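Chain nomenclature is as follows: A, B, C, D, E and F, assigned in order of appearance, with residue numbering initiated at 1 for each chain independently.
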Amino acid sequence: MKMNKNISTYMGFEDEYEESSLVIFGAPFDGTTSFRPGTRFGPMYARQEFYGLETYSPYLDLDLEDYLLFDGGDIELPFGNTDVALNMIYDFSKKIVCDGKIPFMVGGEHLVTYPSFKSVFEKYNDVVIIHLDAHADLREDYLGQKFSHASVIRRAFDLIGKNRIYQFGIRSGEREEFNFAKENTYMEKFEVNTIDMIVNKIKNTPVYVTIDLDILDPSIFPGTGTIEPGGITFKEMMKAIKSISRLNIVGADVVELSPHYDSSGTSTAVACKVIRELVLAVVSKK
Amino acid sequence: MKMNKNISTYMGFEDEYEESSLVIFGAPFDGTTSFRPGTRFGPMYARQEFYGLETYSPYLDLDLEDYLLFDGGDIELPFGNTDVALNMIYDFSKKIVCDGKIPFMVGGEHLVTYPSFKSVFEKYNDVVIIHLDAHADLREDYLGQKFSHASVIRRAFDLIGKNRIYQFGIRSGEREEFNFAKENTYMEKFEVNTIDMIVNKIKNTPVYVTIDLDILDPSIFPGTGTIEPGGITFKEMMKAIKSISRLNIVGADVVELSPHYDSSGTSTAVACKVIRELVLAVVSKK
Amino acid sequence: MKMNKNISTYMGFEDEYEESSLVIFGAPFDGTTSFRPGTRFGPMYARQEFYGLETYSPYLDLDLEDYLLFDGGDIELPFGNTDVALNMIYDFSKKIVCDGKIPFMVGGEHLVTYPSFKSVFEKYNDVVIIHLDAHADLREDYLGQKFSHASVIRRAFDLIGKNRIYQFGIRSGEREEFNFAKENTYMEKFEVNTIDMIVNKIKNTPVYVTIDLDILDPSIFPGTGTIEPGGITFKEMMKAIKSISRLNIVGADVVELSPHYDSSGTSTAVACKVIRELVLAVVSKK
Amino acid sequence: MKMNKNISTYMGFEDEYEESSLVIFGAPFDGTTSFRPGTRFGPMYARQEFYGLETYSPYLDLDLEDYLLFDGGDIELPFGNTDVALNMIYDFSKKIVCDGKIPFMVGGEHLVTYPSFKSVFEKYNDVVIIHLDAHADLREDYLGQKFSHASVIRRAFDLIGKNRIYQFGIRSGEREEFNFAKENTYMEKFEVNTIDMIVNKIKNTPVYVTIDLDILDPSIFPGTGTIEPGGITFKEMMKAIKSISRLNIVGADVVELSPHYDSSGTSTAVACKVIRELVLAVVSKK
Amino acid sequence: MKMNKNISTYMGFEDEYEESSLVIFGAPFDGTTSFRPGTRFGPMYARQEFYGLETYSPYLDLDLEDYLLFDGGDIELPFGNTDVALNMIYDFSKKIVCDGKIPFMVGGEHLVTYPSFKSVFEKYNDVVIIHLDAHADLREDYLGQKFSHASVIRRAFDLIGKNRIYQFGIRSGEREEFNFAKENTYMEKFEVNTIDMIVNKIKNTPVYVTIDLDILDPSIFPGTGTIEPGGITFKEMMKAIKSISRLNIVGADVVELSPHYDSSGTSTAVACKVIRELVLAVVSKK
Amino acid sequence: MKMNKNISTYMGFEDEYEESSLVIFGAPFDGTTSFRPGTRFGPMYARQEFYGLETYSPYLDLDLEDYLLFDGGDIELPFGNTDVALNMIYDFSKKIVCDGKIPFMVGGEHLVTYPSFKSVFEKYNDVVIIHLDAHADLREDYLGQKFSHASVIRRAFDLIGKNRIYQFGIRSGEREEFNFAKENTYMEKFEVNTIDMIVNKIKNTPVYVTIDLDILDPSIFPGTGTIEPGGITFKEMMKAIKSISRLNIVGADVVELSPHYDSSGTSTAVACKVIRELVLAVVSKK
């Protein structure tokens, strides 16, 4: 019996950094959340709940144990200073990208997507975005702030420009956001029915996938900051990830789990399965 | 900086009474509830939660801000005296109807529909009822009481008679209620698939719409007095309201939100979106 | 006014043992649960919640009051001794079978199915199993234990052998379990679409039906030990029971309700309706 | 193995009616509750939780098993008709009193005390009341109603008159109620420090004891309709009951447990221990 | 029946601004909270719960209805920008002070005390602070931030200097904070036993009172951001406020109610009573 | 930036095994729990919550950072096999004792004390036990099982014999247990008032301290398997630990945290502070 320091990783992510092709890490930030805060607890709860999950996916017939995966833990972010937090996330993700690995981030609120995506974009200038969400997140600013969970996709748009963002499941926003989308992004409202068509179109172009879990219906995912009834089912999510698995994914994140708002634990269980499936979708293609 | 008394209204209902075409108000009554009480808290929670809602509906492509709407607050009802409570609701609704406006009530248990409907019926003698609910509410009486949440549609039937009540989504009741419906009302069990057909038939006849939110599946709406699995989805509700929006609606209500039985807050969020959509359905036709 | 001892039975199960054709009883055991314990509270909560349920089913157009049904209460099982508990359940069920009645058990974790099924199998050697579940439960052992909630169907297989177990809705397990199923059982993954076909094939062969409620999606049934998103809907369950009602059912159980993990009460309400419908499915054929 | 109907009684209350000296029963009524309803669930939860309780009290060094006690179950009361409900409680309690036994009622809201007390008063005209509560309950009426949880002690006063009601722990009410108490009752505000002195004064006069559990601090008893911080501790309650045990108690009740408002289960556990101790206090003197 | 816009104020605060001597308002800010966010919901929940409270205090034998009190509502603060939020609070409080009224603020996290206190200090240069709290809040900075909930009293110290801050109930902090207190403030650890002595010493000097509700034990006040067992009881709080009522209070606040972390509602009820008593303590002296 | 595997330890326990004098570890076992299971989650929740705790204790004026402490993680125990689980705990603790370090265990149910204590007893034959608990745990067996949470102290008695067990705070049990205690142990019922006297008597004899957290009142510690109102306060616990800190402690444990039964998080926060204080009490003496 040897006494080692207590290690806690996502189940199936027990490999060393150097040998791994994908690095999962948490970004526990909820500083600009406008309604119910608490996504700061998302990464911690997801890692803990992951212990109860099988590494085998009957959806993709793949097993996490067949891949080399590293868990970088959660970044220790300061409270109340958005700029510093975003920079720390950027630095962390940048290192992973520079080391030739794929960053896979667990949020936190949606704003954390910006620095992670930016680090990916700097390596893959032709990257496009697949965006699953209940909200358009296309505001120019929110209550005067340019960097907000409600404007994060607009900030990504500032980086990459027109016709390179594909949005699915959007069912809430201001009229202006829907108008902006008509001109500048691809948007399927309410559903994820056209994702296979888009996948066929994107082909081998590098893709950054960002999944705001509130695209799911609150019946299956109530544990989030802003509840929007009318979302997609878990089975539709599985189908969408299967489509996505055909793409060349160079970065990904899963955001907006706020576990304290779901006493049953369902939301965290859902987040874990989405993470498992999306990780398998990313690495199985490599 | 001017110091005014703190005003609290449904978001988008900031106009004056005189200029408004629709008046929303709460009827916090749960006196005859036989299982889990608590719909008395429905109106208060709905108004509060409404702050987090956009005024724009991507379902109907309409915005509350384009209409003149007044919030009359919640009626202060006594406890333990059904007769007095029903009379107070009647008086409140009657005034709105007499002033040429449309009453839009938020319950409370389903029995509150009776006085509101009665005030509408006295002006529109040819009015018909669209009734969305898990329960038939057609009992002659309930434990000896003629006026009960379980008999409210039967009491409305007493006013308007045969073939003028259209019931959808019914999935619970005694055998006698289903037999009564066969003779006297139109009833679609379990689903809301035929509502478009009924809308085509009703045409311009004045309509009173009463939505008991427990028609929704408890997966999306657990916060109610009597849980009945097997209900419709939120998307089916949205589709039904879109159909209804073609009608000439002269009164409406949304009842049976019991927020304390849903710690996640989902039920209240659902109630708010149903209220927003139904209000838009009512006023957009005028 | 006569003062009798307080009797508490499932609503509609007020008949005497001798005259009844079906006996419902609870098996409050959760000793091998590996994640969230608490199904020990299932039988007690189900009986209590049943009071709020109508005895009439609009799904099957049948009424519990038209049948002779007995409630045997919950077996008082010891804590921490699996062998003794299983033996007590076996004895209880055996007596019912020997008296020519149908045992209908409410769990408890899934392992309780083994002793109840064994007592039925000893009378009906040609019995087959209909198994609705999220999990395959086909492990040879679990952490060294042969008798576990995760191996219960494998133990039943040990009794009856190949091609006599029909599994539906399975969406979680180890790769080995899915491989075992390919060789030895009929398994439909994720869905219950082929149950009608199987019913046609089984015809009059005696059937034991075991429903692990976690086959349902956690949106409608979060109150269980292991949450598996992606399950079937309540309506699909109702349809499956309707199919099953054509069979010659000689024993049945409904397991894995863990009420403390669902503060809204939805899970217990769901369990009660499944019990009502399955009981009606069983007795209506006799 | 004999199959009897499932019997559910308070642990230790398994004797027959005829031989018992004390009869416990539930009065699940909350019709005039003005804030949070739900005490209707109190009797059912208390009986269930009682299974986990030892029958031995280390406080009084007495054991329920040494006494003959009967559980009469819960009265099935109608909803929304206060008069009928109060009459049914009166009839039930009256029979117990007439049969020479002591009625011990579990509420329900405090108004249920009135009919039970009335039945006792009709036999013992010189009866006095020991009243433990957070609220004075001395209003002449409440929102126009004479019979209300907020006026129940005033109604008892109407029956027995001045200087026969002893109130302890009162910490909330209108100024008028405190003024009324100065003239007409004995009242110790906030504490139960003088109860021993009062017990010495009362001596052998017949006593009706009514304990509104909200006299306890909400830290230990949050599960009640109206939360009033600043109450007594559980240990002070135990000490008060020990004092009371020296009295000649001819009727008693414990009211205002609302279990849904305490997800931890503490309030129900507290109610059960208070019931056990007060029952022992009553019967040990006989 | 006249139809006015729905007004929502603290019960007993229905007077006009111009005539009132005290102005209550909410500061829903939780931007620097380091553990569990959510005090942003405190002011809204407190106002709502206040409806259930009597205006009469049996502790002080005073009634809110005997005073002229105004409710200014809650300031609409931006998310994620601490500087802007603090300035808005300062402006609001400054106006109240300049108009010769006493500001009474409901938080929000403790950092909101800084701008409110600053506005008071600018008028009363000799003001001292009474500080009730579980935490010293004396850090020079927290994770690099000078303005944080954990440094707010240190920032107040920067304004007024040595020996003018009186701290009670402190039971958590870093060793450095306790050392700082020894040199620069008066601090009673764990208890509030010496407050009467301090009141005698302060005499007529203007006082700003800030109550961080987490000074209370979590048994009675779990609904806060950082739980610290070992706090004072509610009765000790009442006694402390009675002592404070002898002072010349020129500004006050009650902070750190986080209602979502207390499903029983006890914490909000406690906050409301503390607000009622402290308001009465402030205005009764004028 | 170096990428290491994610390490998760109790805050302040970051030292290496070899250099440490005390080793903390978790024993997540709840196999014989008779009422509400769930203490298996205790160790995981305690470690996680510990992050929010200061390492400095104002009670003892000591800081965890001044000591060499190692966190050995949680033992991975099987489900449903008590013997195997107890042996694994014994082996783990035995190694720590043999290496000359002090084992400090976090439960789990109280039965885990037996193997840990046994390993200590084998080294220190003259060891005595300080036992803080609501329950006597002195049953000869429980439902036929000799090794049960309800008999664990009796099993320890079997090892060390008469007059070497000191019990405090006991307030629940069967009459036989209290009688046994009179003959064989020192027992203070309800309170911990005599602990200082006992400490003076024990002097330098080696001591094993076992704290069942349910000795605390459920107002401050509801998150446990069996709720027993009437417990000690947190301040009394702090005082008791201060007394204990004068002893020569050679082994210790803190058991019976069941975090799922306390949605507010208070119980876990309490457990963490008790752990911090008791660890400091143990190591400060060395």
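Miscellaneous remarks
What we mean here is this: contacts are C-beta pairs under 8 Å (C-beta built on N, C-alpha and C of every residue); 3 or more make two chains touch, one makes a residue touch a chain.
In this text the structure is predicted, and so the values were computed from the model without any measurement.
Between chain C and chain F, the least number of touch steps comes to 1. Number of steps on the shortest path from chain B to chain F, with steps defined by chain touch: 2. The greatest centre-to-centre gap from chain E, using C-alpha centroids, is found for C.
Per the C-alpha superposition, chain D sits rotated 120 degrees relative to chain E, a value rounded to a multiple of 5.
Under half of the residue numbers found at the chain D and chain F interface occur in both copies, marking it as a different-residue contact.
Matching A-F against the pairs in D-E, B-E or C-F identifies B-E as its interface repeat (over half of contact pairs the same by residue number). Between chain C and chain E the centroid-to-centroid distance comes to 56 Å (mean Cα coordinates, whole Å). Taking each chain's centre as the average of its CA atoms, chain A and chain B sit 38 Å apart. Shared interface positions of chain C, defined as residues touching 2 or more other chains, are 36, 217, 219-220, 261, 263.
Listed by label, the pairs of touching chains are A-B, A-C, A-E, A-F, B-C, B-D, B-E, C-D, C-F, D-E, D-F, E-F. In the complex of the two chains, the chain E residues touching chain F come out as 35-36, 170-175, 178, 189-190, 217-220, 222-223, 226-230, 261-263.
Contact residues on chain D toward chain F in their complex (touch as defined above): 52, 54, 56, 58, 63, 217, 219-220, 234-235, 238, 263-266, 269-270, 273.
Chain contact summary for the complex, chain A toward chain E: residues 30-34, 36-38, 40, 78-82, 84, 142-145, 148, 260-261. Chain contact summary for the complex, chain E toward chain B: residues 1, 3-9, 14, 16-17, 23, 44, 47-48, 70-74, 91-92, 95, 263.
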